[in-house]
Amino acid sequence: MSLPSRDKIARRAEQEIIAGQVVNLGIGIPTLILKYLNWEKRVQIHSENGILGMQSHCSRETADRNLIDAGGGYIDLVKGASFFDSSLSFALVRGGRLDIAFLGALEISARGDLANWMIPGKYTPGIGGGMELAQKARRLIITTLHTNRKGQPKIIESCNLPLTAKACIDRIITELAVIDVVDDQLKLVEIAEEATLEEIVEKTDAPLMIPDRNLPQF
Amino acid sequence: MNKVTNIIDAISIIKDGQTIMVGGFGVPGTPFMLIEALLQQGTRHLTLIKNEANEPHLGVSKLIEAGRVDRLITSHLGLNTTVLELMHNKKIAVEFNPQGILVERIRCGGAGLIGFISDIGIDTVLSQNKQAITLNGQKGVVESALRADVAMIHAAVGDDLGNLVYEKSARNFNPAMATAADIVIAEVESIVNTGSLDPDTIHTPSAFVDRVVEIGKLQDEYGILEHHVFA
Amino acid sequence: MSLPSRDKIARRAEQEIIAGQVVNLGIGIPTLILKYLNWEKRVQIHSENGILGMQSHCSRETADRNLIDAGGGYIDLVKGASFFDSSLSFALVRGGRLDIAFLGALEISARGDLANWMIPGKYTPGIGGGMELAQKARRLIITTLHTNRKGQPKIIESCNLPLTAKACIDRIITELAVIDVVDDQLKLVEIAEEATLEEIVEKTDAPLMIPDRNLPQF
Amino acid sequence: MNKVTNIIDAISIIKDGQTIMVGGFGVPGTPFMLIEALLQQGTRHLTLIKNEANEPHLGVSKLIEAGRVDRLITSHLGLNTTVLELMHNKKIAVEFNPQGILVERIRCGGAGLIGFISDIGIDTVLSQNKQAITLNGQKGVVESALRADVAMIHAAVGDDLGNLVYEKSARNFNPAMATAADIVIAEVESIVNTGSLDPDTIHTPSAFVDRVVEIGKLQDEYGILEHHVFA
């Protein structure tokens, strides 16, 4: 039996992480990466509220009232973790010390723009730390379902929703494909075992470069 | 200079119409007892500066729900549908900042600076109404410093001089806010003898703190939120 | 036998300090205030290099290689002292948490301008922390000999040397007098026991308001 | 990710013409061993950023005296007549900053910002050549962020991940510089097991540090300077 789509995306996303990297995991699918994380890589997970070295959500028994991630969940720590204030936490992000941010998306444009923080008139909860993560992580990887709840493509020619950041995306990982943003163009680099090229093209509403060779599967 | 006082006296300096910074990111670091005392005091027309608005019926949300807050300068209200609804119904004015820009504006005020220049949000709606500037070929927008009349913060440990130590993720906005208000009130879980804190481990030096309140046994609000236990 | 002039100034300056205040002592006469400081006031002495709660210079035996003041001297601490980085140290100064700075002067103008950091072509060692102390301390008190080494007045109509800060001085304490800057004017407020009004006026090269009453002596 | 390396390898990444930040305020916090290794390596045409230039024949003064430094961005050289003389003889270019502005520019670079706005020195010669700006009615000048190719810093204790703890007044410029360079090399007096440092007491989190060098028994340079014993 195949994995649920979200798990498939998270498992594939985990492979992006190189040993020793500093990584921030947004809410949703990004957080699911923890489930597949190979801790031998000694990854340092950053949480915006002032933690480096968080491990994973913990049980009621070990939950500490003073130890939550940026989403509010109770967490435990790896050895060598540290705490700091919000100011240093974002210095780390903006100053270039965050190797990868994994974030979700509402819309993705053909040039790698990201919109994921507001739907005017409907959903306006504020930006939180997302704009700085999107704009300043050394590598921004979007983990998202290929289509929205209505089945419409999330990857579109240009975003209709207010942007989180312009031309910020390096790679997109969905349940169907891995797509890179190269020179302001989208390039298909991997195909899911369960997917076909036709399906990917159909569900992507933006120009997609398709290399003239067999693509790796995941 | 013994700064230890009772909570009613400490809060009594807060007046109608003032701007108040409140520490905390979720439950950790939120000064629930000071917030409760401010609610009891009945002070109105406040401008609050806080990362989020806690969750419905908790922390600063109680002040907002009671109609005491005219304006909220914040980063994210995703966990507080009650306040979001009050915002949509124009019962409260809300100004959103990227989280790191919010804390940086507070730090900037605390550091006695006028503003700073950043490229965060430069290609987004958030750059509207901000002064554009180019420095050494880099394009940015000007962000203004934030200060408050009073900061209400929470620390794990304090001494009678006002030195503070925070615990784990309860540090968050508290150290920056401790620098950025005319009067800083710190609630602490326990007060230790002055001189017993290792000077290398003090997070907020005494000079920044005006009043210290010991909160004693922690009320339920400080505990684990069951709906945030995910494993 | 009377005190040396520098000691007389330092002893008088000490009386400016109110219990619990945060105070910075510049190099020279300001540092000498420590000799006369009543520690029952629980004064917190700030040092720019990241110390709150320094006490005084210490002996060779108790000197710690990692514990110096901004002038380089080895110091000891009061109970409740703290260490912090240079960034927070100047946030304390600029952010309004320094109650008094005591500094020396090369020149003082009739409006309370201070020049104490450079003599173009002769003495240009850099400003250090002095500009921020002068400009941002809640109260700036100048402790200085009334005249320079050549016997010329230091208090003059307007400064010839590059300014440290404009209209920054609250009070001037010399071996002859205590002078306040009030509404951009100099006002004599105390006279040294050893001094006469004539001497003070003669050695002050700027207009000096002299109240029509007996002034306190010190 | 074990970041512990030997001093020669650590320093080998520094190239001619680069900009180097060096921690320390006087002896405390100055990375003498890293400076010595850089001197031995022979690297030239450096721009140094340091609070002061240590004292003659000590620390960075050795690099300057050996002609390896074209430019120095600093706050105060009052204790180094040798470097002042080199400056007057135009053997080295010196840019002076108010001390708190210097560290703030470094912090600003480390925080990924473009610059900040301050009123320090606004009525003085130091405001010449700086862009003037008015924000919310306050007049200021624009100060630009400072970053370096490499920062060389000193800490008391480190672990193999790069977490650092500073001691007493040896903290000074080190934490800010640790955020503001593309590569950060920390010399530490001792390396402890990862996990043995209390996460609340770590001053510089591991993410900021690239290489950790253990310096072992302290050389004489780290000791008491007899001419600064005043009591």
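Letters A, B, C and D mark the chains in the order given here, with residues in each chain numbered from 1 onward.
We adopt the following convention: contacts are C-beta pairs under 8 Å (C-beta built on N, C-alpha and C of every residue); 3 or more make two chains touch, one makes a residue touch a chain.
Just so we're clear, the structure is a prediction, and the values are computed from it rather than from any experiment.
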Inset, instruction - Compute the centre of every chain as the mean of its C-alpha atoms, then state which one is farthest from the centre of chain D. - result: A
Inset, instruction - List the centre-to-centre spacing of chain A and chain C in whole Å, with centres computed as mean CA coordinates. - result: 56
Legend entry - Euclidean distance of C-alpha centroids - chain B vs chain C, Å: 36
Legend entry - Length of the line joining the C-alpha centres of chain B and chain D, rounded to whole Å: 32
Legend entry - Multi-chain contact sites of chain C, meaning residues that touch two or more partners: 83-84, 87, 90, 93-94, 136
Inset, instruction - Note the residues in chain B that touch 2 or more other chains, in rising order. - result: 104, 107, 111-113, 118-119, 166-168, 171, 199-200
Legend entry - Full enumeration of touching chain pairs: A-B, A-D, B-C, B-D, C-D
Inset, instruction - Mind listing the chain D positions that touch chain C in their complex? - result: 25-29, 51-52, 74-79, 84, 87, 94, 96-101, 103-104, 107, 118-121, 123-126, 156, 166-176, 203, 222-226, 228-231
Legend entry - Contacting residues of chain C [partner chain D, same complex]: 47-51, 56-60, 63-70, 72-74, 83-87, 89-90, 93-94, 124-132, 135-136, 162-166
Inset, instruction - Going by the contact rule at the top, pick out the chain A residues touching chain D in the complex. - result: 19-20, 22, 42, 44, 46, 52-53, 77, 79-84, 87-88, 90-98, 136
Legend entry - Parts of chain B lying in touch with chain C, wherever the complex brings them together: 1, 107, 109-113, 159, 161, 163, 179-180, 182, 194-195, 197, 199-200, 202, 205-208
Legend entry - chain B - residues contacting chain D, complex: 104, 108, 111-119, 131, 133, 135-136, 138, 140, 142, 144, 165-168, 171, 199-201
